[in-house]
């Protein structure tokens, strides 16, 4: 499961694009396939976007081409390979009152319907991104400030959106009424910073102020910062999977420290699904905090029995005649001494298709483990996300059609244990009503329309 | 002076994108900085675009990613460096009835005015290309076939346009009512081919059928080819500079063979501005045919006294402390034996700023020439083009503010002679009313509005 | 401190070069700046080498160009940037009896002296690598098999060398008489594998057979494997720093599991330099096992209070006007919740210049730690390595000229503790006489000649 | 047929490497697949080499990395694709007295024999270039200056060599006793320049001094320039094909201007093989001067009936299902108007395999020519070159096994005429004894040993 996007913006700092570059680097885990920055100087905007990691897309010359004291940026994971450049964000739109750049984290559920309606009225679409829908809706609004027009435009869309806008004289941050995706505000000297996660503020030594609230808009401009509520929040929809897996451990998310929450998930898991083990081993790196909590609570030694390679590139050439599949082995390897002859409890953050877990179990057993007990610090993943995370189809989610016993057999573990949904919220210390847990429960906070597929065909690089 | 674009399309051939690739290669002289192809299969369209020469932008994998029996392509010269990729054509628009790709050669003179009007009504623009204006205008038309809608949309625009459109079920070629830019139709087995110049038909062994007429539209579809007139032609506006310089010598342009016309220009130049010379030397390669005609008419030997390098790349690093400027010398060099002690008549196709001619005269003199007489097989270039050619500003056109004697002194030639405008049309054997000769005469066939600059800011790669 | 090289070879497998590619990937931590493979088929050898990570240097086409059932490969860290390609290994030499490829891990101490002698006799050198010296010495030997000639040639050299040779009909592995660098032998079906570390055997599912002994040579050929002793071992010189830092935790090194040894170093450190702490935090990833051992022994909770980024590229553009230095912050970040208000014991594997430790201490303090106690699971690094590891000069090694108290003040830690040399060997459970600990003690097992610098000037790419 | 190499060196100019870059650019026609420069400052040498055109291999940073007031460079055509980088020149050797760089144009005929002898004595070879043989021979010489040692070393080699050497304090140019390949000396302010062709002197405004004589060595050093004869010249071996095809038309070669000689070849061809034609058309660009001479002598109009594309890259993707072969058509195209209905005499400089000529004849006929008469301004090419030019094997040279009538039929020309060998020398105005015309006559000036193939296997990039 992969997050779609991370966003970062800064208003009022002479090295704006450079700080966005740093901020995007801190958010790299939210999207590794494309990156872009739009910077503003005077009334003009300049863009640089490309495929690849932030460090690949931007060099000194690219940053030098983005002068100005305000900038927004975006990292994304993209579904279609060669065609993706046209969808790299921020998108740039020219409205009658001038250019506006938009960076979006999330997914709209009624984009296709709106696009069809707009096209019928004479609009043209040039990307396959649902973010373009937002641009068109804003263009339809003629009255008031950009903030007013954005607010009215967003009344038409449903789904998940944390958005950054940059115009000639404003930077605007918006979070949808459910608050699916995170968005935090910080301060750096006289300037303001908006970021998907607080870890990006830390990197540039910005001060954390607060989380933008669901249904809230913050507007940075020449006269400082203004907060306004643009929509009522019927209920919360914070993505619980951000806690479980996506967010960086050093991020403060939805009011809680991610690493600490994950340790609590491990502790709760220990209570709900203890294992008779000699050692507790995490699947690195995301399983580490839960494993620490799990081990502590059970009083069983913690050890790094699996090692993660630092040098895994995106493409890896498999030997032609190989029947081994190196996919997991080049990423992870087993530390024999920690595993040999032991009853091993392996702690991971989630289990999606089961194929990776199966390989990990086999690897641990091959290293000489006496028993392998897999523990997942989250409930079974049964439903696809519709709000900004790239999940397999329901058919591919093993827990949607198999019992825990069946899964345990498939992955060849001696036992398998999950955290319960109630245990998850107990560990979190929060109400379910504030969160979206649709991937576990199937309870989607927003009604999903019978969506027709977006129709614009692939745009190549 | 550089042409902005070349276009090429094919309908009804199983290797459509590959043939477009070949056709664009033949049109490479019309634009060297970006290239793109959109291919259609079933109702879908796929695009590949990039910066550079056709051979750089497309490799076997790129062509393989463009299956289908129809495709259109585009080469362009672009004014802005790193920002140009967003403007690479063909552009792709999603209308309510599906995607349409557009490739454009020419320049609209009222694009800014239309954009302002459309933006005021809620349209958004995402490129700095005036071609996007055409896309929006088509989207505003709701009734009838794509051809109908294009015809009505084009009623709003003024200026130069040879256009190719590709939709799910049609390829459409259009030439503006003045016929500024060329567009020819050919046939390849069962398929139809549209190209800026006939030389591109020759490369793929397509049969030349006819030139698309000013104000004419040709529509290739499942039922064959239909010609229709979509606008009246008040007068002709064929670009006479295509004859003088742009078109490839092996092209049949506006009903005449380019190489032959250029030889006739040289012959007429010999009558109007003979030189007492021992040898006639062209500035290669574009000056060669006029020099042949000039030499023949005067009965003076023709010789290749200047040699052009085949290996000139786009960037060339000048020595830091150099006071020499190698710009011309790395492109051209003098053949001493042909020039030493001789009275040399040098024939070139045009003289724009005078700086290159000055270096050429100096080079020939340094090779030992006794006298250097420069002859230009066209009238003085005094006015910028507004219809699709990248010209310097009026201030930079030396002939706009200097007499022929002054220019001769500047370039240090012993004498300088131009062809007269009447001589140009005499050699051409055509009426001035059929042509645009504004770069020589200042008579622009279309009134130029007080144009406000296009407002969308630079879109980076 | 960076290791210079990793080597990997295979004899007798139809996908030899592909398996070397995998093996080099597992050894990537031993050298990230260049990689190369030479493969043999029939009597011929083919090479592919390049700058960068294994995954960058080799694509499917490169591997396809290296057919054959035997191959050796090399990864290296290189000191000189643009000039390094000429030094990428394996080197290929043509001797009178045919071509031989050589891959080398280690450093010779008398290479300059031998080169001067050989040059005086008419030899020419074409690289700056001391490996070329070995090639020349072999060429001087005329009698006997390749193995005989190698054995006699190596009698002339002093220093550290684990070597792989590939000729038309043999693969030979050699380890110097002191055994400075590791080299292990494995078996894959009918074939033999030689690798710097056992983790590379694991990746390709090869069976670990034994460590090549100091002064031993193993020869794989058509008739199987032959072991021979080519030199006496006066004493051991196994690099103790391989245990401390270089080797991968999942490697079996010098007869012990690396991860387990590091945990024991942490336990011994807890006994020698306990800290009154609320939490034990490793500097990831290399400090993790020692921190686990340290925490266990002290009974203090272990936590991942520092997070390491997965996306650190080699170049990172610093903001121009920045006074912050992001070098460490983009690699590591602090987890506030684990540190705030706590007395933190930070465990690292080594402390070289002190500048990184200083930044880490500052980062932990900025996250709210009440106290910061740095513990190093090794003795102070006081002397440069001369046997294959890239160390700073003595001047740059802070412990060579500062007391522990001074260092503690420099890095602003509340306390600083090291492991003693005797504690190191106690944890290791081995005799000092078997090891080289010169970086800690200054006791170099081989006398260092007054070395004149190698004289060949930079060879560009 | 392709030349192997071009060389250029400069001694005593502060922008030495930059001027070598320019000089290599002027020599680009002599080799397009690799380029390199070695520059000297103080006693040190620095190199930059790469695959591709000069403008591709060198950017501003590369030139900046080559400081110093002396430099030599090399362009080469190389036979083996991916393996070629190891062979890119100048080669750098470290001798006992310091580093020396070597750039070589030519081919040794006894390199294999010498290599075998040197290897037997303990030398090792690291490239497949016969230039390395020269390096080894110099290293064998212990006495005297570098010039002395080079002179003695060259006594052992046979074949073609124009060589440049650069050491810490000398630049040395050498031409073999037969003078197969050209080498000229020029002067630029206080500095000296050596170049394969005089056109490279012209580009940098260096003054032409004289041709280095066969068997001569010129030594530039701190005290100026010294000429010395290092070998007797039994007879001349100047490559007559340099006049016919290789050298640039603006070069002064072997005492004559190339363009002028080619016009005289055309005039002599007109006398020996006149054609009843309405127009004389060259195969551009190399056939142009001979065609001018041919047309003048016959009194038949000259015209550019074939046009050469400026945009031909090295790779060109053929349509998969195509039975047309675009190889020639993308390079050359026919100008219909100049050819239609005419009897066309086509003049080319040489005819090697016949396949290209066959396509040209077909192209001209397809353009409507009434008759096509091919005239070659040289004798039939019947024998491969052994002295530095890449020729097809004898089997592939159509004239080695077919009569002129048979060739005419193969290429489908109405007639075919060659220049005779005596006519060639008549036009040249020189004695055969001063030249090598082995490609026409089979008379090789140097006895060819039964050469065993060079044995070092492919060295990859």
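When the chains are written out, they are named A, B, C and D in that same order, and each has its own residue count from 1.
Definition applied: a residue touches a chain if its C-beta (ideal position, glycine included) is under 8 Å from a C-beta of that chain, and two chains touch if they have at least 3 such contacts.
These figures come from a predicted structure and were not determined experimentally.
Enquirer: State which chains count as neighbours of chain B and simultaneously of chain C.
Expert: Both-contact set = A, D.
Enquirer: Going by the average position of its CA atoms, which chain sits the greatest distance from chain C?
Expert: In terms of C-alpha centroids, the chain at the greatest distance from chain C is B.
Enquirer: Quick one: chain B and chain D, Cα centre-to-centre, how many Å?
Expert: Taking the average C-alpha coordinate of chain B and of chain D, the gap between them is 37 Å.
Enquirer: Give, as an integer number of Å, the spacing between the C-alpha centres of chain D and chain C.
Expert: A distance of 48 Å separates the two centres.
Enquirer: On a C-alpha centroid basis, what's the spacing between chain A and chain D, in Å?
Expert: 60
Enquirer: Residues of chain A that touch two or more other chains: which are they?
Expert: Within chain A, no residue touches at least two other chains.
Enquirer: Give the pairs of chains that touch; include all such pairs.
Expert: A-B, A-C, B-D, C-D
Enquirer: Quick one: in the complex, what on chain D touches chain C?
Expert: Result: residues 36, 44-50, 65, 82, 85, 91-96, 98-99, 115-116, 119-120, 122-127, 135-136, 138-142, 455-461 of chain D touch chain C.
Enquirer: Within their complex, state which residues of chain B touch chain D.
Expert: So the residues of chain B touching chain D come out as 14-15, 18-19, 21-22, 25-26, 28-29, 32, 53-56, 58-60, 63, 199, 202-203, 205, 248-250, 252, 257, 259-260, 263, 285, 288-289, 292, 296, 301-304, 307-311, 313, 315-317, 319-322, 324, 326, 329-330, 333-338.
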